[in-house]
Amino acid sequence: MARVGVFVCFCGANIADFVDVPAVVEEAKRIREVKFAIDYKYMCSDPGQQQIRDAIVQHRLTSIVVAACSPRMHEKTFRKALSDAGMNPYLLEVANIREHSSWVHQKDKKAATAKAADLVRMAVAKSIANEQLHEISVPVTKRALVIGGGIAGIQAALDIADARIPVVLVEKSPSIGGKMAQLDETFPTLDCSQCILTPKMVDVASHPYIELIPYAEVLELDGFVGNYKAKIKKKASYVNFKTCTGCGACWQKCPVKVPNEYNMGIDKRKAIYTPFPQAVPNKPVIDARYCTMLTKGKCGICSKVCEKGSIDYKMQDEIIEREIGAVVVATGYDLWDPKPYEEYGVGRFKDIITSLEFERMVSANGPTNGVPVRPSDGKVPKNVVFIKCIGSRDEAKGIEYCSKICCMYTTKHTILLHHKVHGSHSYVFYMDIRAAGKGYEEFVKKAQVDTGATYLRGRVSKIYKKGDKLMVRGEDAQIGQVVEVEADLVVLATAVVPNKDNPDLARLLGVSYDKYGYMSEAHPKLRPVETAKAGIFLAGCTQAPKDIPDTVAQASACAAKVCGIFAGDTMKKDPMISTVNKEFCSGCQNCVTVCPYGAIVTEEVPMGHGSKEMRTVAKINEGVCQGCGSCVAVCRSMAISLAGFTDPQIINEIVSI
Amino acid sequence: MDYTNQIREIASKLFAEGKIDVFVGYRMTGFDENQVPALIRDPNEVSKLVFTDKSVFNLTNYLKQDHTRNKRIGMVVKGCDSRALNLLLTESQVKRENLHIVGIPCKGVVDENGNKMQNCIECIFPNPVVFDEMVDGTPTGSEAPPYQVNTDIQNIAAMDLVERRAYFEEVFESCIRCNACRHSCPMCYCAKCCIDQETSTLYHGANTTSSAFHALMTWSLHLAGRCVDCRNCEKACPSHLPLHLLHKWNEQVIYENFQEHLAGVHEGDRGAFYKYSMKDPDDFIM
Amino acid sequence: MSVELFVTDKAGLTKFYEAIISKNETYAPVEKFGKYDFKRVSSFDACNPDAPIAQTMSAKPLFFPRSAKIMKYTADHSGTSVKETDEDSLAGKRVILGMKHCDARALQVLDKVYNWDYIDTDYQRRRENTVIISARCDKAETHCFCTSLDYDVEHSDAMDVAIVNGTDGKVFIEARTEKGKVFLKEMNIEQRISNNEFQVTDETAPAAVKQQYEAFAASFRLKMDYTEVNARLSKIFDSPEFENVSANCISCNTCAFVCPTCHCFKISDEKVKDTGVRYKSYDSCNNGYFTLMAGGHNPRPVKYRRWRQRALHKFVYYKERFGENLCVGCGKCTNSCPVNISIFEVVKQVSETVSV
Amino acid sequence: MEAAVNNQLVSIEKPEIVAPPDWEPVIIGILCNWCSYAGSDLTGTSRIQYPPNIRIIRVPCSSRVDPWFLIKSLQTTADGVLVSGCHPGDCHYISGNYYARRRFLVTKKLLNFVGFHENRVQFSWVSAAEGPKFAKVVAKVTEDIKKLGPLHLYKKENFEK
């Protein structure tokens, strides 16, 4: 027979002013199972908790009801109190008489008291059906998978590996480095991007705990936190990385020239190529789309010049498997294609370029050796117009959000232009200058003074050609007049959008994503690096637009989370998950269909005691189940129950009002 | 509609080829014009099999019985029966390889008074949707008519709230809680039915109007999107309750709101409650 | 001249029924969804005392309700206290019309078990306070086999007043028990005679009644000697034939729920807040969980064993213990069976596998 | 049908049932933990007032709500039921509320079919930020149920409440 203790809190005046607390205690005492009931000024205080601990021992209580604030507030506190008194913490129920009664029925004390008494009665009834639950421990495979080898992936991989946890780093392209490797200098300090990035890339390649798998994609991820199994496709590179020394003879001799993605197509690379000189690993791959040996069976020059015989035209894609305990997704971003801005002449006028194209041009290792030129005639531009918010904050043509980094990199570009082209002048059309960040506002202010750039607040309405110049017409909202600027070059600060593969990847990982394609964090404020799927974390622009410091911070946070999972040999998990009563399960597998986490599998059990005939029943994977209860509601046989929210518990609440 | 000879031939052939252990069909009661299900295990008894428009009972009900489980079964199915079978296959209750399905191009069966049953008049899928062989060759398949709203449903829906409440109160009052509806339903195969899991608060087995309401409502919701409208339940009900009203209503609601196919028409389709669409109606939610 | 046997015509009988209904708490078959069930009636038009046997539920629930409240309880801080249930709505003085002789006979069979061991006072009170008026069938229906069983259908005293259709539109009314005699007196039989609604019968009347019975007895399709069946069935507990005859059964329980003699029940509680009600409701031995024990053991896990239990309980065990078959041959189970299993045929088939 | 006849509150489904003069409806609110329960907490912290008839039950997700909870509620203690979950797309468990939405629609229509006013069971999406909305929803449901009158669902036969 259940022996329930009821503890009603005054919460100072918060509850007591609007609910007759002693009356609630009296009402609770009338319930058959209630053997002890008391009120106290602050139940959550240490003396309050002491009363609970004492009563548990003195009155041999079998479950506890605390009538106080929302369980979302102090459930953990009181569970701990139960634990301390040697009682299973899950025998606690909280009756929410503050948020649900005293605070919302302040004009009617009688009704608020009656409702509080009902809420207590419901909690008592529920607690009678509570079962002792124990934290679940799940064994973990101590190996992390990092998807994406940009700065986010590199940082996460290094941090995890430094904790002596093996990491598998999968990168889609032939080299790690990502977008940051394409940058010249970085705001607000103007350090050289390559100088700070390449040492980290080398660290990755040489780290004993990092297995770098470039030119590869994740195909499948099965399992659950601590116990994932990843299938990774290594794309055929046609070059044996083991023997290749990276001498470069092959790509120097290769006769096929194709646009160079690294330089935004401004110059050409070969069909066999390394993406950029500092690539890691610094081994070439053959681009099968263009190699004439692979497409037409003619050529074979690279094979002839390779002294090591590393070229293998028959190489096939290879699928490898790795057991993984946690995943960091760092797939980065793309830039938005500004084609919809037809009135600017995007596509028609060669001298309108994107910011990343400009970035490549002013980059010391760029296609123009660090000097910006006009694509139309190769002349060095003097007057450059920078237009911000191309695609960003534009519901009609682009996306609603602010891309966060454009204000800063445009400022950087004005400085770079100022440095590289003497006598040049920058015009910046902007909506707002958003320079929130350490040293950012100072950076903008200083740049404006140093470069003398003209900042024009307003939207550009039209760009048209006049001779070999571009005329940029826009509004200067501060003086309320239409202005026209004669430009040699127009640079569009295009919006940041998620990697186009994000939705597909999110689906295969079982992670949700938003309408733009950014993967969704578990909580926008309090769990910004976790996803709703346990053991999968987000770093960098895969979650939302970010600058480098934020990306690196989030990547390190991911690493901390991953190390947290791997801190013990097993992982502790909330026990409020589903369980299957095999006797009642009829094996229809509807639960398997509706489970959002793929947490339900099937198993074979004997028909009866000692029977040789087998039947199929459902089985919950404890590690994966998140306790939503979808399966419980579709189980017609009532074979599944969700600990903490079982049918008897909920029905007890319903019938005890 | 008389396929007696074809069925006997097929059954004999299956036994001769050693493909089946038991053949499930119909035989005469022996005392009147009605038929009963026949579970033929002895090839010599094949001559007992008949099939006419009196072959009413949905035989897939027998697939959940002890003595057919894990046996190789030959079974006669009409259109509605085959939909039940399809769902049972989808819900992993039978193994396809254990079944040899003999399809009947059904022209409708009749009730005790010899009138064509209403569900047969409204039937959209008279031909089996899953079978191994058809009597009379493959169906010529005249175009299925569009979904037809059941006339009984229309009549009830046209009543006002008070009348409907009074009507169904009589239904629930006349229910004697024998659970024959559930046992005769091919889709009710749970190891232990939820309404048998009696406790003082969950479900209780007393035969009160209230418990009949509870049991019938729960039952019809468990069959929502799964009922194939074979009317086994109505035939079994000793109180002659119009149980099809509940199922047909659910079917209509699901069809109209979720544009879902009828139950069991497609293999792998578990029914409306086991999937969703972003476009599902949302206007009834505040 | 018999003081217990009167004769009248259809119109006289209707008037008699109307008088009964107006003066007494009367129960009679009332149609609902094409099926007749015994309900409290307040006018003759609402009921049909001649409801056909195949479409009529047994009147058993008037004595052994489908669900009876056996107690109420309150559970609060002072402990659990049992309260009286509501007043028994079936305990008052009342009359049942339109109950067939087989249905009435079933009560006599049930009397044995209710007055043995534990005496069910509720049942007894209901029995004592009830007058049963029964019209004898004119013709057997497809599944009737009452004459094959071990009781005297012709002179049955299971009903208090018997009504027999004679030839030429004559209707005989006969008090079969003391209760019946008293009831007829209460219904002012003398005045009806003086009003010429009823006539006192002459010496030809018993012969006319007998003639009707003979015609009725001759109309049976099903005939079998059940004394022999009892003997045979008692020998074949292990017969494999039970498995064959039960193969068709879908364990739907209908047979037990409509049977006028089945009397198995289960106990269930319904509790809301701190008040509970305990019910005693019908159960069926065909139900797979009928014999499931708390420890998980089920002595009758398979269908044929449950089927055997049902058949043997009806024709062997009950007979051995109480001297009666737990079956009255009404055919209700066969009529209701969704797969048309006939208990008559099944028992015949099984018993024919052994010789006496 | 007019619910109030001669100032007497009657059940809309069974007009022969008259409410006692001090009758107050009991409404069961089943709320999902992540959105609606948090939203109802916010209503409290914001001190937004609403009628006191609702009794709240916490479940992890609206998809945990088996339709028979609603049936059981109406059958035993409640005059009306409100179920509330996360907005479509916001489900903490990815897709739970989509499954729930289908079940709710069918349940609501079925109850209406067998003679219960459609307002006896109501549904809402209330996010953790929508404290004011929760108060509005509760006020509306309470008002609706008050108009419908008491729900004596066969329970009179069993209990003297």
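Things worth noting here:
Letters A, B, C and D mark the chains in the order given here, with residues in each chain numbered from 1 onward.
Throughout what follows, a residue touches a chain if its C-beta (ideal position, glycine included) is under 8 Å from a C-beta of that chain, and two chains touch if they have at least 3 such contacts.
What you see is a predicted model; the values in this text were computed from it and never measured.
When the C-beta contacts at A-C and at A-B are tallied, the pair with the greater total is A-B. The distance from the centre of chain A to the centre of chain C, with each centre set as the mean of the Cα atoms, comes to 73 Å.
With each centre defined as the average position of its C-alpha atoms, the distance from chain A to chain B rounds to 48 Å. One simple way to say how far apart two chains are is to compare their mean CA positions; for chain B and chain D this gives 34 Å. Multi-chain contact residues of chain D (touching two or more other chains) are listed as 72, 76-77, 95, 99, 103, 155, 158.
Across the assembly, chain A contributes 594, 634, 647, 651, 655-657 as residues in contact with two or more other chains. Shown for chain B are the residues that touch two or more other chains, namely 192, 194, 199, 201, 208, 273-274. If touching chains are joined by edges, the resulting network of the protein chains shown connects every chain directly with every other.
Those residues of chain D that touch chain A in the complex are listed here as 26, 28, 33, 37-38, 40-41, 43-45, 47-50, 52, 55-61, 63-66, 69, 72-73, 76-78, 92-96, 99-100, 103, 135. Taken together, the chain B residues at the contact with chain C in this complex read 29-32, 34-39, 57, 61-62, 65-67, 170-171, 174, 176-180, 183-184, 192, 196, 198-201, 204-208, 211, 232, 235-236, 238-242.
Across the interface of their complex, chain C is touched by residues 76-77, 155, 158-159 of chain D. Of all residues in chain C, only 270, 272-273, 275, 277 touch chain D in the complex they form. On the chain A side of its complex with chain C, the touching residues are 29-32, 34, 121, 608, 655-657.
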